[in-house]
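Please go over the structures that come below.
What follows is a pair of complexes built around chain A, which joins chain B in one and chain C in the other.
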Partner chain A sequence: MEPSRAQMIARDLLAVLVVAIFMFPIAWWALSSIKPYSAIFDRSGPVYTGFKPTPDNYRVTLLGVSRVEIGMEQGGEAAGVIKGGANSYDSRQSLLDSAIIAVGSTALTLLLATLAAYCLSRMHFSGQQSFLFWILSQRFMPPIAIVIPIVFMFRDLGLRDTYTGLILVHSLINLPLAVLLLKSFFDDVPREVDEAALIDGATRWQTFARVVLPMVKGGVAATAVLCFIFSWTEFLLSLFLTTSIRTVPVKISTFVTSTATEWGYITALGTSAIIPSFIFILLVQRHLVRGLTLGSLKE
Partner chain B sequence: MSTATFTRKRSGWALPRFMTAEHPFPWLAPITVMLLVFGIYPLAYSVWLSFHKRNVVSRQLDFAGFHQWARAFSDTRMWHALETTLIYTFIALAVQLALGILIALLLDTDRKGYGILRALMTLPLVVPPAVTGMMFLLMQDGSFGVLSFYVYALNLISPAQPILTQPVTALLAILLADIWQWTPFMVLIILAGLRALPKEPFEAAAIDGANGIQTFLRLTLPMLRKVIAVAVLIRGVDLFRIYDYVYIITAGGPGTATETLSFYAGRIYFTGDFPYAATLSLIVLVVLIGVSNLFVKLFKVRF
Partner chain C sequence: MASVTINNIKKDYGAVEVIHGLDLSIGDGQFVVLLGPSGCGKSTLLRMIAGLEPITSGRIAIGDHVVNTLHPKDRNIAMVFQNYALYAHMTVFDNMAFSMQLKKRPKEEIKQKVAWAASVLNLTPYLERYPRQLSGGQRQRVAMGRAIVRDPTVFLFDEPLSNLDAKLRVQMRTEIKELHQRLKTTTVYVTHDQIEAMTMADVIVIMRDGYIEQIGRPLDVYDRPENLFVASFIGSPAMNMFHGEVATDGDAGVVRIGDLALPLPPKAAVRPGQKVVYGVRPEHLRPVTDGSGIPATVTVVEPTGPEIHIFASVGSIAVCSVLHQRMELSPGARIHLEPAPDQIHLFDQGSGERLDKGRN
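On to the complex of A and B.
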C-alpha cells in the first residue's frame, strides 16, 4: 500500500520538526553569541530578534580585545559590562593549546594504532582474542579511575600541565577506538593483496606501508577525524591534569565564576569551538557509524 | 668456506625471531607499552591507594587494609550517588533508545532532502560535552533561560522553584542535555542497521498482509537485535561514568541530589583525600565491569 500524498507531507513535516528541535540548542547558542549583554540577560522573555547584533563577544575571546576597551567604546553601558572579576577571556591561547594537543594525540594514536591494527588483522597468534578484548576493555575504563594516579605519575615525571602529558592521555583514551576501527578497515582488504606483494619480493614492512596502508587511507582519515574530535572535546582529563594549559572545554568552564557567568564570552568561544567539529564530522559521514560502534557495524 | 663464514656471520647478526616483522611483537609492542604504562599501572596504583589512608600529621600514606572500602560501603552519600547514577543511566538509555528507533524510522527513506536531515542529526554528537552542559545551563537558567521561560509559561513549574534548584528537575535538566547529545548516536546506528536489512522478508510480510506495527515488532526489531545490543552497550558504559554534564550543569546540586558516582569521586579528589577518591572511582569500574560483562554474555555482543 503506497502512502498517500497527505501522509508523505505529514511525514516530511514531522521529520523537519524533529530535526529542528535538535538544532534549536545550537541555534540558540550561536544566536546568543552575537547578542549584546542586555539581550542575553533579558528576564522578560526570550529574545529572538530585535536586538542589535554585536561582534564584541568574539572580539574579546578570539581577538583579545580587553573588555575595558569595549566598555569605553560603549560609554554609558560600561559600568554594567566591566564587572565580573579579573578572569582573562582572551581564548586564543586555549584554541592553540587544544589544537596542539588534538593534532599531537591524533598523530601518536594513528602511529601506534595502524601498526597494531594491521597485525591484528593479518596475523594469527595465541591469545589474539584476549589481546583484542584487553584493548577493547580500555575503551570502557572510566577516566576517573585512572586520572587520580596519573596526576601523581605526571607530577613525578614532570608531565603535569604539559602538552606531552595531555597528548599521551588523550592517545591512551583514543587507542582502543582507533585500533578496532582500523582493524575493521584492514579486514576489508583481501589477504591476497598482501600475499601477492610478498611473492613479488616486498618485505612485510613494505607490504604494510606501501601496499595495504594506501588502500585504507579513507579509513585512516576517518579514524583521524574521530580521534581529533574526541581530543578536541575531552573535558575530565584535561581538567585534572592541567592548570596553566587550558583546553577550550576547560577554559569555557572557567567563565562561570562566583560573581558572574559570562554568557556572551561562553557562547562566542563555544560557537568557535564547535565549528571545526561540524566541518570535520560532515567530511566523514560515510564512516561515522563504523566509528561510533568501534568498527563492529559497517555501512 | 668464505660463503659459510658469510652465512654464519649473517645469522649471527640477524634479529631474534620475535623482533622480525613476521612476528606480532614489533607491531604490538608500542601500544602494549602505552596501555601498560598509562592504563594498567594507574589502575594498579588506584588499587594500592584504596588500601591506604592519609596520615594528616606525617602527610604520608599509611597502610589501612580495607578501611576505605568499609568506609565506602557505609557511606550513605556513596549509595545515593550510585543510585543516582543507575537511575540516570536507565532513564537516559531507555529514552535515547526509544527516541532513536522512532527517529531512525522517520528518517529512513530515500526521498529528497532526508540526506540533509540525517547529516544535521549528527551535529549534536560532536559538540564538546562541556559546551553541551553550558547550552543547557543557559537555556535552563532560572531567570533568563529560554526553556525555563516556556516551562513557566505552560505552568509546569513555578518560577519560585527554578529547574536547577529542585532535586528532581535538576536531574531532568542533566538528562535532557544527555538525551539531546546522544539520541543522535542511537539514530545513526539504528539507521545503519535498518539500511542493512534484507528486503525479502519485508516483501513477504507485506504479501501476507502484515500491518506496519506487526512488521516492526515481529520483523524489524528482532533483526536489529545485534545492532541495538552494540549501541546499548557502548552508550550504557558512557552513561554510567557520567561526569561532564553534572560538573557543568548542577555541580551535584542542589546539595548532593544530582551527584553521580564519578562526580562524587572527583569531588573527594578535590578535597585532597586521594585514597578515598581512588576507592570510589574503583567502585565505578567494578560495577561497570560486572554489568557490561553480563550484558555481553546475555546479548552475545561481538566486536
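On to the complex of A and C.
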C-alpha cells in the first residue's frame, strides 16, 4: 500500500527528530568551541545564543597563538586566566601525528587484509575454519589487557614513542575485523570471475590485482573508513605507548589539568578533529555503494 | 581448432568419486552438448577440460597435446559461464581486450580484433559501456565476445543461457549456433535443457551420475534411446512407459500389461516371460476410432497451438498423446489409443537396456 501523505510527513518528521537527537552533542560541541570563556561557564544555565562568537579557541589550538597574546589583545580583560607563557595548547603537531598514524595504519591494514581476505575467500586449506575463528579471537581481549606487555615489548624493541610502533599496534587491532569484512566482500564476487581471468591468461596475482580487487573497491573503502576512524579516535594504546608523540585524543586529555578543564580548547580541537574523518569519508563514500559488482552477475 | 580426446577420466573429491572413467572423443569443429540432470558431472567434466578442476586420473588431450596438468591459460581455450563472470569494473571493450592486454599484444591489433568481435555480436554501439548498463542478452554476448577475440582452439560453454528469459534464450540459441557455423571452432556446451541440446548439437552426450549413458546425433538419441534413462530424459512430454511381460498370443508375440496385450515390435529380441518396459512416444500414441488399441479415459487436454497434448489414464497408468490435428475432447471422454507398431521402444526391466540394440 502506498503510504498516505500524512504518513510520509510523519516519517520525515521522525527522521528529522532522530537526526536531531544524534546531532545535538556535536552541535553543542561546535557551539561551545566558539563561545567566549564567560559563556561556557555561565552559571544561569546553558547558553545557546546571545554570546559574541570568538575564534580564539581555534586560534590557540590550531594556529598556535598563545593565550598571553590573546589576553593582551583583549586589553588584559582575561588576564585572570593567563597562567603560562608557552602555548601547551598548540595542537598542530598532534593533528599531524594523528594523521600520519591513522593513514599509515589504515594503509598497512588494507595491504595485509586484502591479501589475507582474498586467500581466505578463494583458497581452501585444512583448518581454515579454525583459522578464521583464531583471527576473530584476536578481538576478544580488550586492549587494556594487553597494553602493559606491549609497553615492555615496545620499549625493548625500540618502538615506544615512534610512529612505526603506533601504526603497527593500530594495524594489529584493525586487522581481524578488516580481514573478515573484506572476506565477505570477496565472497560476493563469483568465483567464475577469477576463473574467467585465469582462462584469459592472468596469473593469480593479476587476477587479484586487476580483476577482483577493483570489483570490491566499495568494500575496501568501507573497511578503510572503519580503520581510519578507529585509529583516529584510539586513546588508550596511544596514551601508553607515546610520550612526545601526542595523538589528538591524547592531546585533548591533557587539556584537563589540575587547575582547570579548558572546555574552550577541548571543544575547538574536538570539533576540528571531526573534520579530517569527515573529509576522508566524503572522499570514499562514492565507493561505499555495495552494488558495485552488479553487472558481472546474472541478474 | 582442434579435437578433444578424453580417455578413462576420473574425478573424486576425497572418498566420493563423481566421474567414473569416461571416454569421449570430440572431433575438430564439432558442437558437442553434454546433457544431463544436475549433479550428473557434466559441469565437472567441462571444468576438467578447462583446467579449472584437477583430474584424478585419466588423460585429456586437446589436439595432440595432453593437457592434464597444464594451467588453464596455456590450454588456449575460452569459456563462457552461466553467470557471465564479466569484469564489472571494465568497459565492454576492456572486457574483451583483457586477454590480449595480458599478452601485451599491439594496441592496433587489439582494437581490430575487438572491433571484429563486436561487429559479429552486434555489440559495436556498447563498447564504452559497463556490464551493469547492459541487458542480460547483451552481457551474454560480451562473455562470448571475450571468448572469440582470443581465437581459441576450443569453446567451452557452461549453461550459458539458463539465466535468460525464455524468448531471449531461443534467440541466443540461434546466435550461438550461427556463430559456430561461422567460426567452426570445436565447442563443448553444457546444459540441462534438452531443447537446447537437441537444437544446437552435432553430437549429444547424455550423462547421469558420472557415467555417459549415450552418445549420438540428436535425432538418433531421440529415435533410438539406448536405455530407459535416456528414453525418459529426452522428449517432452516424456515417453509413455508400460511395465509388462512378454507372452505369446497365438503366433504373435505380445507384451502383457495387466489385462492389456500390446503387439511386440517386429524385430524385438525377447524371450517369453521376460519382464520389459514398453515405451512409446506421445506422438506415436494416437487416438483411433475403430475400437482397437488401448482403452483410456481422458483426464486433461492441453492445447499448445501447433499440438494438442492429451493426458489420459489407462487403469492406474498415466499416458500422454500428442496430436497435430484438431480434435474436440473433454475430460472424462473414453478413447482408444494405438501405438505405431514401428515406433515401439522395448527395454529390459532389470538392466534398463534397449532390447533391439544394434538392429534397425
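Throughout what follows, the second predicted complex is superposed on the first by the 251 of 299 C-alpha atoms of A that agree within 3 Å, B and C clash if a C-alpha of one lies under 4 Å from a C-alpha of the other, contacts with A are read in each partner's own complex, and residues count from 1 in each chain.
Everything below uses one rule, namely that a contact is a pair of C-beta atoms (placed from the backbone, for glycine too) under 8 Å apart; a residue touches a chain by one contact, two chains touch by 3 or more.
Computed from a predicted structure; not experimentally measured.
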Which partner does A:Pro25 contact after superposing on A: first (chain B), second (chain C), both, neither?
-> first
Examine A:Phe235 and indicate which partner it touches, taking first as chain B and second as chain C; both and neither are also allowed.
-> first
Between chain B (first) and chain C (second), which does A:Glu69 come into contact with in this model arrangement: first, second, both, or neither?
-> neither
Using the superposition described at the top, determine whether chain B or chain C touches more residues of chain A.
-> B
Name the contact category of A:Ile252: first (chain B only), second (chain C only), both, or neither.
-> first
Determine, under the contact definition given at the top, whether A:Val211 touches first (chain B), second (chain C), both, or neither.
-> second
Quick one: classify A:Pro190 as touching chain B (first), chain C (second), both or neither.
-> second
Is A:Ala202 touching the first partner chain B, the second partner chain C, both, or neither of them?
-> second
Shared chain A contacts, counted only where both chain B and chain C touch the same residue = 292-297, 299
Can you list the chain A residues touching chain B in their complex?
-> 8, 11-12, 14-16, 18-19, 22-23, 25-26, 28-29, 32, 40-43, 45-46, 111-113, 115-116, 118-120, 123, 125, 131-132, 134-150, 152-153, 168-169, 171-172, 175, 179-180, 203-205, 208, 229, 232-236, 239-240, 248-250, 252-253, 256, 263, 266-267, 270, 273-274, 277-278, 280-282, 285, 288-289, 292-297, 299
Chain A touches which residues of chain B in the complex?
-> 20-22, 24, 26-28, 30-31, 34-35, 38-39, 41-43, 45-46, 49, 103, 106-107, 109, 111, 113-114, 117, 119-132, 134-139, 143-144, 146, 149, 180, 183-185, 188-189, 191-193, 195-196, 227, 230-231, 234, 237, 240-241, 243-244, 247-248, 262, 265-266, 269, 274, 277-278, 281-282, 284-285, 288-289, 292, 301-303
Chain C partner contacts - residues on chain A that touch it in the complex | 190, 192-193, 195-202, 206, 211, 214-215, 217, 292-299
Chain A-facing residues of chain C, complex = 50-52, 71-73, 77-79, 81-89, 98-99, 102-103, 130-134, 136, 139, 143, 146, 150, 163
